[in-house]
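Chain IDs A, B, C and D follow the sequence of writing; residue 1 opens each chain.
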Amino acid sequence: MDHGATSNLAPFASISHRFACQVQWGDCDPAGIIFYPTYFRWMDAATWSFMDSVGYTAKRMRSEHLAMPLVSAECQFLAPALQADRCSVISRITRFGGTSFALAHEVMRDDATLLAKGSETRVWGRFASGPGSPMKGEPIPEALKQLFRAS
Amino acid sequence: MDHGATSNLAPFASISHRFACQVQWGDCDPAGIIFYPTYFRWMDAATWSFMDSVGYTAKRMRSEHLAMPLVSAECQFLAPALQADRCSVISRITRFGGTSFALAHEVMRDDATLLAKGSETRVWGRFASGPGSPMKGEPIPEALKQLFRAS
Amino acid sequence: MDHGATSNLAPFASISHRFACQVQWGDCDPAGIIFYPTYFRWMDAATWSFMDSVGYTAKRMRSEHLAMPLVSAECQFLAPALQADRCSVISRITRFGGTSFALAHEVMRDDATLLAKGSETRVWGRFASGPGSPMKGEPIPEALKQLFRAS
Amino acid sequence: MDHGATSNLAPFASISHRFACQVQWGDCDPAGIIFYPTYFRWMDAATWSFMDSVGYTAKRMRSEHLAMPLVSAECQFLAPALQADRCSVISRITRFGGTSFALAHEVMRDDATLLAKGSETRVWGRFASGPGSPMKGEPIPEALKQLFRAS
């Protein structure tokens, strides 16, 4: 992972993406509310869904040996979620760097309550020879960045 | 996965293996007891640990492109487990077939209460060209079977 | 959990229920396919969704101190699932006993490939005094059974 | 959750606690490395283990209707972890406020490689009437703070 590359991330005017999800019984803990790592699972799934929405499907990522390892992630938990709550993760790109990028995610319940606000910084990486082999950050193609630009 | 191969599994006198684990807050659900898929996560981890104990470490499995995909799994839940309960999964091989094998797992709490009894049937498989590529069942080496034989 | 009650389960002609789900990156393992306990997480969520569909919502279950602890669960894995695969869990009740019931679940990919077939046996239980307190199996109301009956 | 209370957190000289863990097959993703929400699961388990170590066991927390809901969490991922890697989470309290507190966690592999550095801010909360009922932040007892003070 190329951590140095995260210092020069430039602000970016991004489209946004909506990923639908629902709190399941097994996503909750004995306090009866969502177990917090669930929000990070959702943010990860939302990022893959965002990529899919601009043409970088899971299948394409696999066949081109691409992945998006994390540099950092954080989340603020604003209101508790309960089993069966239907939610959306609203994601956008906040910055693009040379080989890394950052996303902001908002988790909104369907009654418009903001449950959580988080972010991820990721490297754009390629496996040397397929999944399981070493991965190296590589320059994010300009064409890819344009796919996320708000018009 | 070679499902036909599971019909001719022969009984096997196996060594047993102990895998230690503990029920975490996030492994429990709003009923305040363990969320049942946790037992299957433990049985999977116990199987890998069992393999490790006879010399088939995760590192070796990776470098030899080996994996152990599931044919089936089942579990009976005998007593509820609570957060912080320290447990062991006691595993043994029950049958070896041509390209598949079966394991029995008992989940015991450290106070000797039997919490769950389960089993898995798995294929001994190899990736065509590393993780992510297609996998094919292959004959289980006799030498491997001997590593599990009770003396 | 009332295990004795499982012996006299009677066959039942059930409506069926569809629960939609998708394989996420984090649901897969280094073999690049779904990690098998994910199927049990799905079967659990499908059961809660089935209950919800007949009026036993998560909210009602909570307020009436009801839960559905497991007696046993099993699954056969028929075809591997990959990240992004869209699937359905098709569930129906197979048997109702005095205080327990059994469900059959089929996991179907949206291309109509049957990925997995499983079942769960559960107790119909009530907490003595809310979540976290002891739970006891109790007779399944006839009115509840009728909600699941195929007409 | 009492978010206002997090502004006046004072620095604190804390004992540290070690929580042992191991990367399992199912904790890894198709890239062959740890799926990042696993680190948050570990940090949560490490916090509960830390509490246990000063006498606030899971059993006591349950019987006194105490919980530790999250205000925020973040983590920096410094090096990838592989299946079977044995690790420790080293935790300490960094600040105590009126009703909230913050922890720093370092995830170290047993070969002394620092894998991740994270933190959590939590509220010290009590359920109105047992798990599942509403929870309210309450003043952290001075006696509890002293249990964590480095001597």
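By definition in this document, contacts are C-beta pairs under 8 Å (C-beta built on N, C-alpha and C of every residue); 3 or more make two chains touch, one makes a residue touch a chain.
This structure is a prediction, so every number in the text was calculated from the model and none was measured.
Q: Could you tell me the least number of steps, going only between chains that touch, from chain A to chain D?
A: Minimum number of steps from chain A to chain D: 1.
Q: Quote the value, from 0 to 180 degrees and to the nearest 5, of the angle by which the CA atoms of chain B must be rotated to coincide with those of chain C.
A: Nearest-5 rotation angle for the superposition: 180 degrees.
Q: How big is the gap, in whole Å, between where the Cα atoms of chain B centre and where those of chain C centre?
A: Here chain B and chain C have centroids separated by 23 Å.
Q: Centroid from C-alpha atoms only, then distance chain A to chain B, rounded to Å. What do you get?
A: Inter-chain centre distance comes to 32 Å.
Q: Rounded to the nearest whole Å, what is the centre-to-centre distance of chain A and chain C, using the mean of the C-alpha atoms as each centre?
A: 30
Q: Scan chain A for residues touching two or more other chains and write them down.
A: Touching at least two other chains: 25-26, 30-32, 35, 37, 41, 44, 62, 83, 131-132.
Q: For the complex, which residues does chain C have touching chain A?
A: Interface residues on the chain C side: 24-26, 30, 32, 41, 44-45, 48, 52, 57-59, 62, 82-84, 131-132.
Q: What residues of chain A sit close enough to touch chain B in their complex?
A: 25-26, 28-32, 35, 37, 62, 83, 129-133
Q: Touching chain C in the complex: which residues of chain B?
A: Checking each residue of chain B against chain C gives 1, 3, 30-33, 35-38, 40-41, 44, 62, 67, 69-80, 127, 131-132, 135.
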